[in-house]
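Letters A, B, C, D, E and F mark the chains in the order given here, with residues in each chain numbered from 1 onward.
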Amino acid sequence: MNTSLNLPEPTAYLPLLIVLPLAVAAALVLFRVPVRLERALLLAPGALILVASTGLLWLVRDGTVLAHNVALWQGGIAIPLVVDAFSALMLWATALLVLVCTAFAIAVGDDRAAYFGPLVLTLSAGVVGVLMTADVFNMFVFIEVMLLPAYGLLAMLGSRDRIRAGRVYVTVNLLTSTIFLAGVALVYGTAGTVNLAALAGAAAESPAVATGTGVIILALSVKAAVVPVHGWLAPSYTNTSAAVTALLSGLHTKVAIYAIYRLYAVVFDGDTRFLWIGVAAFSLTMLIGVLGAVGENSTRSILVFHMVSQIGYILLGAALFTELGLMAGIFYLIHNMFVKTSLFLSTGAIEHTHGTGALDRLGGIAKREPLLGAVFLAAALSLSGLPPFSGFVAKVTLVAGALEAGQWEAAATAVVVSVFTLMSMMKIWGSTFWGDPPKEEGGDGDTGNAGEDAAGGGVAIQDPPRVRTALLLPGLVLALLTLALGLGAQVLLSLSAQAAGHLLDPSTYVEAVLR
Amino acid sequence: MTLINLALVLVVVSMVLGVVRILLGPSGADRGAATDLVFFGFVILVALLGVRLSTTLLVDIVLVATLVGLLAAISLARLTAGGKR
Amino acid sequence: MESAGDTVMFVGALVFLVSAIGMLRLPDVYSRLSALTIAGSLSTGLVIIGLFLHQPSLGNALKLGLALLIQLVTTAVGGSAMARAGYLIGAPRNKHTLFDDLAVEGDHGGGDSRHPGYSRPSNGESGPENRT
Amino acid sequence: MTPRTFLAWILGMLWLPCYVLYDLLHGSVRVSRDILLPGDTIVPAFVEVPLRCRNDLEISLMANLISLSPGSLTVAARHDPATLWVHAMYAKDHRSVLHQVHTLEDTVLRATRPEGVPPRPEDLERDEKGERR
Amino acid sequence: MTLAITVGVLVSGAVFLMLQRGLVRIILGFVLLGQAANLILMSAGGTYLRAQPLLDYTPVDQASDPLPQAFVLTAIVIAFSITIYMLTIATAGCSDDTEDRS
Amino acid sequence: MVLLLLLLVLAAAVFATFPLHRALGRAAGWPLALVLLASTGLVLAQAPQVLGAGTPIEFAKPWMPEIGVELRLRMDGVGWLFTLLVNGVGALILAYSARYFPPGPRLGFYALMTFFALAMTGLVMADDVVLLFVFWELTTVASFLLIGTSGRSGNAPAIRALLTTVVGGLALMTAAILMALRTGTTRLSTILADPVWAEDPAFSSTVAVLVILAAFTKSAQFPFHYWLPDAMAANTPVSAYLHAAAMVKAGIFLLMRFTPAFAELPLWNYTLIAFGLVTAVVGAVFAFQQYDLKKLAAYSTVSQLGLLVAVIGVGTEAALVAAAVHTLAHALFKAALFMVVGLVDHQAGSRDLREIRRLGIAGGLRRRMPVTATVAALAGLSMAGVPPLLGFVSKENVFKGLLEAPGPAWVGPAAGTVAVIASVFTFAYTYRFVHGAFWSSSPRPDRSATSVSEAGYGFAGPPAVAAVLGLVLGLAVPVLNPMAERAAAEATGEAEAEAGLALWHGLSADLFMSLAAIALGALLVWWTASGERLAGRRLFPVDGVIVFEALREGIMALGRRVGDLTRSDAPPRHLVVPIVLVIALAGIITATGLEVPEPYGETSSPLDWLLIALITASVIGAVYVRSRTAGLVLVGSAGLTTALWLFLLGAFDVAFAQMVVEILTVVIAALILRRLPARFHRISLRRYLATGAIALFAGLSAALGVFYLTGRRGRSEASQYFLENSEEDTGGTNVVNTILVDYRALDTLGELVVLGVAGLIVIAVLNSSGLLTAHGDRRLVVSRSSAVYDADDNTLVMRAVSYLLLPLIVFWSLWLFLRGHTDVGGGFVAGLLGGAAFALLYLAAPSASVAKIRLAYPRIIGAGVAISLASGLFGYLDGSFLRPLHGYVTLPLVGEYHLTAALVFDAGVYLAVVGVILTALNQLGLEESLPGDSTAGTVRPVRDQPPTDDPGTPPEVDAQSPLRETPDKEGGAR
């Protein structure tokens, strides 16, 4: 045996963020444990990653880049795991989302489905892997690690059409993964490396490398559901359980977006020649997505179309590729992860309790469930960019970024789309939280009269089901978070600025990886 | 080496004929038989390539190929009979 | 040794071609399976022997001998399985088939008069034996 | 076991591959002729063949060797009483197929059984055309 | 050149099958597509050196690029995993028809 | 600091609402009113500094320094006036609310009202454009909730109001961003003083339009006027506060705030004057038509706001003085009138003029409610511009201001004339309001009026205060001079201004205009019978609400169309788009040309062409054929050809794996295909051609990509490194294997997890959805009593053979596993071969039940992953995860064997592979599998054959052993 052994450096523990959930997943497959313990084990890795990533955020807040070459092979040979402000931020957000969505899944009993726990844990490990890796092929592998559990979760939970919906999801993702792989091959074929740091600036210099990377980014755009390759999102996400939709919405498309940001920044070095394509595509994404949302008639499908629209906003930041634009995009990304998940969870609580998400079969919930109403409304207003929630900061900075970059058409689109966003949110609000439950008769309806006790004016409903607190809490946590991120936006803004700095000038990142 | 090259060509031509039978059918059993033929062709090609590429490593692969070939044959027979054992 | 190996392998390939032609030319699945047997046993066998002649060693003798044996077994078992499957689903058979001992006596339904037990459902069209 | 029977057994074991090889070549030539020359001489039949084999190994060996020789094919098998159903491509009549298979069986049993080959049992009763009564 | 043609043939077949009705055909298309991707990876390593990268058998200067081979092996496993799953959902709960029901 | 204190007090009030409401119920209005009264006092106390010394109070604290946004507050004259209004009127209305509502919970109302007061106060004190936008939108949200929660009839109007005002809010946001970007600061006072306004008219105009849009939506100016009367569904206190005195004034405030920047901008002047006057007239006419007192008051508000907008548009000192005073006057009389409406509604049971009249109270309602009638009269006279009330003074100043309108000489008089016309209607509708409600009654009463009585002091007090203030301030109007002067000075950007407010200042033009308005108003009342002749008539074919809803419906219909474009759960529809995009990418790059190096070395070999021939035949066959089985095997054949390609390229490990995977894929697919029809769906010719063309282009793109982007460089650095160092680094000579288990073990770990998860999700999905039953024996045509049917007998040969082959396969599998590091092999290939052994066992078994492998295969998967992880963790002994520890051990038979942690890792791979193959065989191999059958790792035993008789009965499990089926048990053929 070797006599001189290395002692682990602090960064050597980065892989544990991937190992931890995997180990718990393997343990849950191997051993049958009591339900309570299983649930605790299910939540524990997410909580630990949350704590760890909070620590990481603290470490990287000043622009430090933490990098580790797995198994200590030399830089450029080993698979590097890297944490900078951007990835730390994403790690933190994803850990929180996993935690919250899992809690919701436990509350609705989804976790009793076979292998739910191991699947969710593996999924989170995959996400962590994609966020940390600085190797394009390894990114492909971790994307698959995060996709496979998603395939299962989509098809095993939800309505009767879930299998058909799952097919769209699997096939589209498999196609794009294969395109991604082909792109990796072309990058290796032209540049001779798949190490992100070694690829720094390669696409800006060589059109051949740019083509290969372009193929990868194209694949990621499909995964991110950019118009015109957004169509798969609606059929995939509407038929599964709310917890799964929330989880996938918060993680999968967002991880693809993260990868687009990273690849464009590092490999293309923010090459300005191609930005106009992004500005056009993402403006269209905003618009098409929101129009789709406005036209839908169930809570879930409205929210799913909004994902598309919001993806346009987020990616617009990358397409501007200015300091302000990138910062705005990253802020928007984090904000959107929380808000959209909150919306899926609060409407999911309604779906679970009332058995439907159809707008014409719901009504008057705000009166019976004021807290749930508040949770939904907070997130809905935040999504529409209204203060004091995080959405307004996101929108203001993004529009400012677009105007600063002279992209006034994109800025105008962003502004107009936010009106439509509000319109569709009000569609949900007006017919689900306000209005009458459809089975009852119209009620007296003359509440405009003075002295009419509006609150008492609700029609007596025979024991309407109440949303349990456990169902409410996950969405509430995120709604409070969006409020906090609105009032205390500076924390996230400065981290986003730090993250944007690394994207604008990846030299620190590159040095840390190739060290 | 010329003979080996010729042999390679002959085998490939034969495999293409096998593909034609797979297309023609008419029954699943015919297709299964033709598939077996194609697989045997594959084994033969591996052996011929072993000579052509002057490597002894392919001997191992010929062995494994013959081992797993049975699986495909039985599976297809099973499928032909609609899963009947 | 090498040229012997070449020749043996070439002959093997030729036999394989014959077998493949048989796969196309022979009239029913059972006879095609017989052609397949030639490919699986004789042709493959020759090629394996040829390979050994090219790379003679104790290890290869062992491996290739085993491979040959397994190949023969595979051919036989696979052929049988396919033949049975063909019979089970009533694959078209040679119209000159003399008799069929597998047909079951006492079963109802039409069929070959000489084999009253033959149990294929007759639904008006010509019996399978007339199809080729 | 006498040395004589033992020797016969060893010889039987050695003879089997030779016989199989002969069978293989013979069958191959016959089938190849049909393949390559115009027209054919195929007269097929499914024949039920009762065997003297006692265990699965013997039955399997028989079944496989029949399938291995081009021109004949085991379609079905029965464990008890040991029986094979053989598709023969060149079945002049019932009896000839039975004879062919039983010759093979003799060779096989000579190799698998140190005590020697039991006599061939009478065939199922058949009329001249080889059909069941 | 030859590898490019092979990839072209595989991709054509794959795309044709992927765009047809019925999940099984789509799955078969993906199997072909996976093979194409693997060959692209192999091509990316360069095909002018074709000796196996086994140091006991091959001198270093003749060995083909081992890295894409490792990639392809990984990709094969992943594709195999997904194929098994897709085959499952082709018959889980409903038939493999993929056309819209409306 | 005092400004922050003001906000904190109001914020505290918001939070205090909860305990106060719990303790006092609706009476929480009293203490809350006191809080607002206190803050009003606080504001008044600032008058000496703000108005007297003319030095604004400022406060600043960083909020979002990253984008330069500050929590910056500033109170100047304009701010002082509006702060005073917001808090003072707020106090009155909260006090009023304590009696307005019947006893019961009103938590939301009080919380939102105080929250609104906070937001509004913040808005008028904000000195940061982003902060201004924040408070602006907060008032919108508060308004939305207050309207909507007033009752179900308020839901739709609330949403309309929200959407309308949010459009303006976004305009304000855009304006704020533009200004901040242009001037480099978000500080409002600095921005307004920036020279850019004078220098860049284009920029000024853009921002001006955005600001105007914001103000118009908020202050309900034509064409956004519709939302305000609509919003009257809200409770009366809400209407009185938000929709009369406070929120709608935010637009006025904004226009006044931005006057220093835009006063010289003709666009600004004319837009404000024109739209303001149109709104004033239209609002007044509509008000005159109403029966509902609240609607009347609402249209009146619209009209008055129009006058204000117009006069601000003039932009002169006098105009701004008028705006400031009229804002105050309007707040007082309109709040009072709204509260009066509430009183009438509350006491008399209706606010409809016709209903009130039908009460039949002799002499009118004033007989029963004299105090209220007096209040109404006082407030009304102020609204009608009758001396000596404050409304008279302010209206006169408005006329005076309008006469100074910039531009050609006719503009001023014309504007004044229109304003007079609006005022004529103002007089008329005021008469209609006050007289109709209190002085008239029907001779034939049809409603009981017995319960109608005067409201209590607590209830009637607040409106009385407001109305009396209108009188007092009218009489003592010079008191307002400092305020008006400061406001005008700041709004025009001058250092000083002269207001000269007085009840009487000679026979000026504006006096005559006021008198004309009153006289003509009286004439109009007489002529239209106090509006009855016009009431209820539709003057325009459409109203704003209809237009709004039609617009919304149109957008939703468009949205449905957009959604329909992608509404399909057929995968091909979603697959085709990315494919076409890839083709497009290839096409664009081909068209633009790409410079690439020459091919490096000889990339082709003659042998390759054989494989191309083979693969082409297979692929064409797979595309062409309709038999599913044939499709499967042809794809398999292409896969085997790919394996041959890999052999040719020197990738033996990979080729090996590819070969075994291809066979196992066929085995597993065969288990699936038997559940489906024998043939694929037919393809229409059109689809054939279309998809064929796409396929050909895709193939061409891929081929071009490979040709131009690969094979044109020498050995990569990484490749060189691996070949040169792998033996020293890892002890392995199979470089591919060392990459897999040493250098890039993280990839392999991921791959392993993917494989394992595939096994788990197969189980999970089958457990939730079940599996289509294999109706295999539908294809069978033989009798069940035929010898060929029996499974047990006919698998005999296979079993015998598999028992012979099994040890061989297992041996080979282990051998491949152990030698993987130095020779062709490795955990994955070995595992596949091990799995193949099980597949053979499975296939040779006489029934699926017998074949069922009684191993907890999910646990094998789990163990595989766990072992790999554990071996990776051992790496920490040497500094990193997955760092391979290795050394040599001497084994008895083998000799020196190279032992490495990578072998343990590979063992994990081996187990996982075997586990997944077992899973697939067992789960997919069942004849039938219903939802719930496949649970974690165990399969409930089910019958191998579908039941012949009653398909509904659950499968029998253990009564008789189902393992052996007898032909006679099932009967004859079907």
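Basically, a contact is a pair of C-beta atoms (placed from the backbone, for glycine too) under 8 Å apart; a residue touches a chain by one contact, two chains touch by 3 or more.
Because the structure is predicted, anything quoted here is derived from the model rather than measured.
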Any chain in contact with subunit A as well as subunit B: E, F
Fewest hops from subunit A to subunit C - one hop per pair of touching chains: 2
Central chain of the complex, centres being mean CA coordinates: A
Reference subunit F; chain at largest CA-centroid distance: D
Cα-centroid distance, subunit C relative to subunit E, in whole angstrom: 32
Computed distance of Cα centres, subunit C from subunit B, in Å: 13
Whole-Å gap separating subunit B and subunit D, where each centre is the average of the chain's CA atoms: 27
Rounded Å distance, subunit C centre to subunit F centre (Cα mean): 66
Per-residue multi-chain contacts in subunit C, two or more chains: 19, 21, 33, 66, 70, 73, 75, 77, 79-81, 83-84, 87-89, 102
Multi-chain contact residues (two or more partners), subunit E: 18, 23, 26, 36, 40, 43-45, 52, 54, 67, 71, 74, 78, 81-82, 85, 89, 92-94, 98
Interface hub residues of subunit B, defined as touching at least two other chains: 8, 15, 20, 28, 32, 34, 57, 60, 63, 67, 69-70, 74, 76, 78, 80-82, 84
In contact (per the touch rule at the top): chain pairs: A-E, A-F, B-C, B-E, B-F, C-D, C-F, D-F, E-F
Of all residues in subunit C, those that touch subunit F in their complex: 66, 70, 73, 77, 80-81, 84, 87-90, 102-104, 106-109, 117, 119-121, 128
Touching residues (chain side subunit B, partner subunit F) in the complex: 8-9, 12, 15-16, 19-20, 22-23, 25, 28, 31-32, 34-35, 38-39, 42, 45-46, 49, 52-53, 57-58, 60-61, 63-65, 67-72, 74-76, 78-85
Footprint of subunit C on subunit B - complex, ascending: 1, 3-4, 6-8, 10-11, 13-15, 17-18, 20-21, 24, 26-30, 32-34, 36-37, 40-41, 43-44, 47-48, 50-51, 56, 59-60, 62-63, 66-67, 69-70, 73-74, 76-78, 80-82, 84
Contacting residues of subunit E [partner subunit F, same complex]: 1-28, 31-32, 35-36, 38-40, 42-56, 58, 60, 63-67, 69-74, 76-78, 80-85, 87-100
Subunit F-touching residues of subunit D, taken from the complex the two chains share: 48, 56-57, 59-60, 63-64, 74-79, 83, 85
